[in-house]
Amino acid sequence: MVNRRVHTIDWDRFLLPYEQAVEELKVKFRSIRNELKRKEEYSPIEFVTGRLKKVSSILDKAARLGIPLERVEEVPDIAGIRIMCQFVDDIDRVVQLIRQRDGRDMEIVEERDYIRHQKDSGYRSYHMIIRYPIQTAEGEKKLLAEIQVRTLAMNFWATIEHSLNYKYKGNLPPQVRERLRAAAEAAFQLDREMSEIREEIKQAQRLFERKSNL
Amino acid sequence: MVNRRVHTIDWDRFLLPYEQAVEELKVKFRSIRNELKRKEEYSPIEFVTGRLKKVSSILDKAARLGIPLERVEEVPDIAGIRIMCQFVDDIDRVVQLIRQRDGRDMEIVEERDYIRHQKDSGYRSYHMIIRYPIQTAEGEKKLLAEIQVRTLAMNFWATIEHSLNYKYKGNLPPQVRERLRAAAEAAFQLDREMSEIREEIKQAQRLFERKSNL
Amino acid sequence: MVNRRVHTIDWDRFLLPYEQAVEELKVKFRSIRNELKRKEEYSPIEFVTGRLKKVSSILDKAARLGIPLERVEEVPDIAGIRIMCQFVDDIDRVVQLIRQRDGRDMEIVEERDYIRHQKDSGYRSYHMIIRYPIQTAEGEKKLLAEIQVRTLAMNFWATIEHSLNYKYKGNLPPQVRERLRAAAEAAFQLDREMSEIREEIKQAQRLFERKSNL
Amino acid sequence: MVNRRVHTIDWDRFLLPYEQAVEELKVKFRSIRNELKRKEEYSPIEFVTGRLKKVSSILDKAARLGIPLERVEEVPDIAGIRIMCQFVDDIDRVVQLIRQRDGRDMEIVEERDYIRHQKDSGYRSYHMIIRYPIQTAEGEKKLLAEIQVRTLAMNFWATIEHSLNYKYKGNLPPQVRERLRAAAEAAFQLDREMSEIREEIKQAQRLFERKSNL
């Protein structure tokens, strides 16, 4: 039987270095979190998650961005890191910490500020695309990865929007879209109340952490 | 030197069985979560955490409840389990699942519904006190433990309130109290919006999970 | 197409409660380990692992034991727990600790002593079959599980034997069988040397642990 | 109050970057392990552990090496990584994989081969000192770390020797020293038997892994 496809991919092998990148980046940002908790008793990073994009979503995105399968490694978010913050202001601090590493263990390729410029849907987050080198048994590889920085409230909303978009294949019925906007507003309001009370809470948490470590 | 204290406690040893209870209960509720995710593609349990009460807080609580040190094991929340739900309605389902185990691997001692009867501070959660038997190298021990069931938004708010109360030793200044109430309102609003859109989201998540498991 | 099989199994669902049992039992035996390390500064349990039997192996074993598919839950080691000890003498202590729970959170169904009566192949381990109740969303279920207790050296050898038997489908060529016996002898010798020096090592470890905890 | 000590160290802060280095290196070597398991169905790395040297041991070692406290970061094994192999021959492969990274994400400072040149005590292992850069909230730091590569049998023996040396403060009584040598001989014998049967086992494990992944 002749395989007519010009380009086939062994996805398991293809994704292996991305998995490694996700693992390393999770450890690195969790270290920053722990370092700051111990030094300043407060960390702008609340928690960190990582994920590999599913193959079907990689193919969808490649098609949408007009990237041919031979250059699928140009899809920028196959490896994804998500950094959650308690307060909106923490996001800037985290972005600064990442910029500071530019040219060290990673290179920043692009930044998008969906906090100051939120999407029509109500989506808010700060996105950074980085190029990250890993060492494999076959030598060094440089991979693209996406870092999303957001508050807990932004994350809550984004997770819901993502699954609804999945269900409706991107065509949300008007009443669902409306409800989603109302939820975005409630999440936004929670972030605003948190910002108002921010200094109070941070001081309180510092005291609390210090006591807990006794 | 005469030790005048009638009752001294080796806290490290005292807490060991409670630590074991927390570990076992975390595993058990996480199993329920996984079981339901796989069978129904939706679980009312989003995630589960556990903690041991700090010695200083155990002493404070014993004093507040009028429990003498010789009977400190009557403090009901030395072992604490927290079950987080996505929607307010999920809380009832979780409570049912726990009641169903009464007389099996645990006994329910008491329930308090701070959802239908929220505290003046704005605090909302469902509390259950259970008696839980563990097997140690020295034989069986029955311990009290507290299970708190709440939504993500209730949890977010409660965590903040806890650290502020700690900072002000329970005497929140009026303006802080006011801000906290505004944040509780925002959290409550987020829960309400979520409930409105609940069926939509649950269906969408089921679809999403199913696809992800392929 | 007519499905002629009288009995088909949804393995994913079937294995779910076994997975839960493995998780619970791992936590429980690790708790015993930690309890003894802290109280006696020495634990007969070095570490604990758990595994689910693969479906193909469950089917093989059911066939070998003459168990029909409708009663596949009678295969005794679908859920398996392995407890590793540093010294041969520790195995007895662990067995005592398990017997002490009989009628509490588990029931002992059967014991086999392949330490005093090693198999012809060179295999040594202590086996216990237990019946273990778990609470699921659908109520209580009682499952069989197998606990294997062995030294690190016994485990090392057993792991190798297992993969070789797999490769040769149980028909090891004479020269491989011979080599395996030589390795069993070396492992046995290591256990014997360890037993000789046992009291020295245990005291040293206690001192070492105590210092490390300062 | 005048602090008369010329040099005091905030050990908690001092050790923070070493802890980060240990975490990153563990993730990196575990990635290599997973990569090879998936690509070649056999990995020379069986498992990886990491540890921070205790402060008292750092001080002892600094004194022994004549390193003043102001330059305590010259102690080469404050951060320690241990890589365990199944077979003696695997050690060379692991050493090659590390050398290949020299000048990439780490620099090799020194190598010591206690396999070909075992210590009088019976100790066998391959040691590498590396310089490893980490990114902290305060910028890049380069730290020394020690990597020990050894078989499971070597590791078993070394752990025991370590605690006995601790107990006797390095002055082992002759009969203990003798017993320890006998145990080293048994461990060495086990490694030799394993090497004899190596190709058989590796093939068997590959088959076994492949089946398990179905």
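By written order: A, B, C and D. Residues from 1 in each chain.
As a convention for this text, contacts are C-beta pairs under 8 Å (C-beta built on N, C-alpha and C of every residue); 3 or more make two chains touch, one makes a residue touch a chain.
Keep in mind that what you see is a predicted model, and the values were worked out from it rather than measured.
> Which chains does chain A share as contact partners with chain D?
none
> Specify, for the interface formed by the sequence copies chain B and chain C, whether it is same or different in terms of residue numbers shared by both sides, with half as the dividing line.
The interface of chain B with chain C is built from mostly shared positions.
> Where the CA atoms of chain B average out and where those of chain D average out, how many Å apart are those spots?
So the centre of chain B lies 41 Å away from the centre of chain D.
> Centre to centre, by mean C-alpha position, how many angstrom separate chain B and chain C?
Computed value for the inter-centroid distance: 34 Å.
> Suppose each chain is reduced to the average of its Cα coordinates; what separation in Å results between chain A and chain B?
Roughly 29 Å, centre to centre.
> Among the residues of chain B, which are close enough to touch at least two other chains?
none
> Spell out the residues on chain A that touch chain B in their complex, using ranges where they run on.
54, 56, 152-153, 156, 160, 162-164, 166-168, 176, 179-180, 182-183, 185-187, 189-190, 192-194, 196-197, 200-201, 203-205, 207-208, 211-212
> Applying the document's contact rule, which stretches of chain C touch chain B when the two form their complex?
Within the complex, chain C touches chain B at residues 12-13, 16-17, 19-20, 23-24, 27-28, 30-32, 34-36, 38-39, 97, 100-101, 104-105, 133-137, 139-140.
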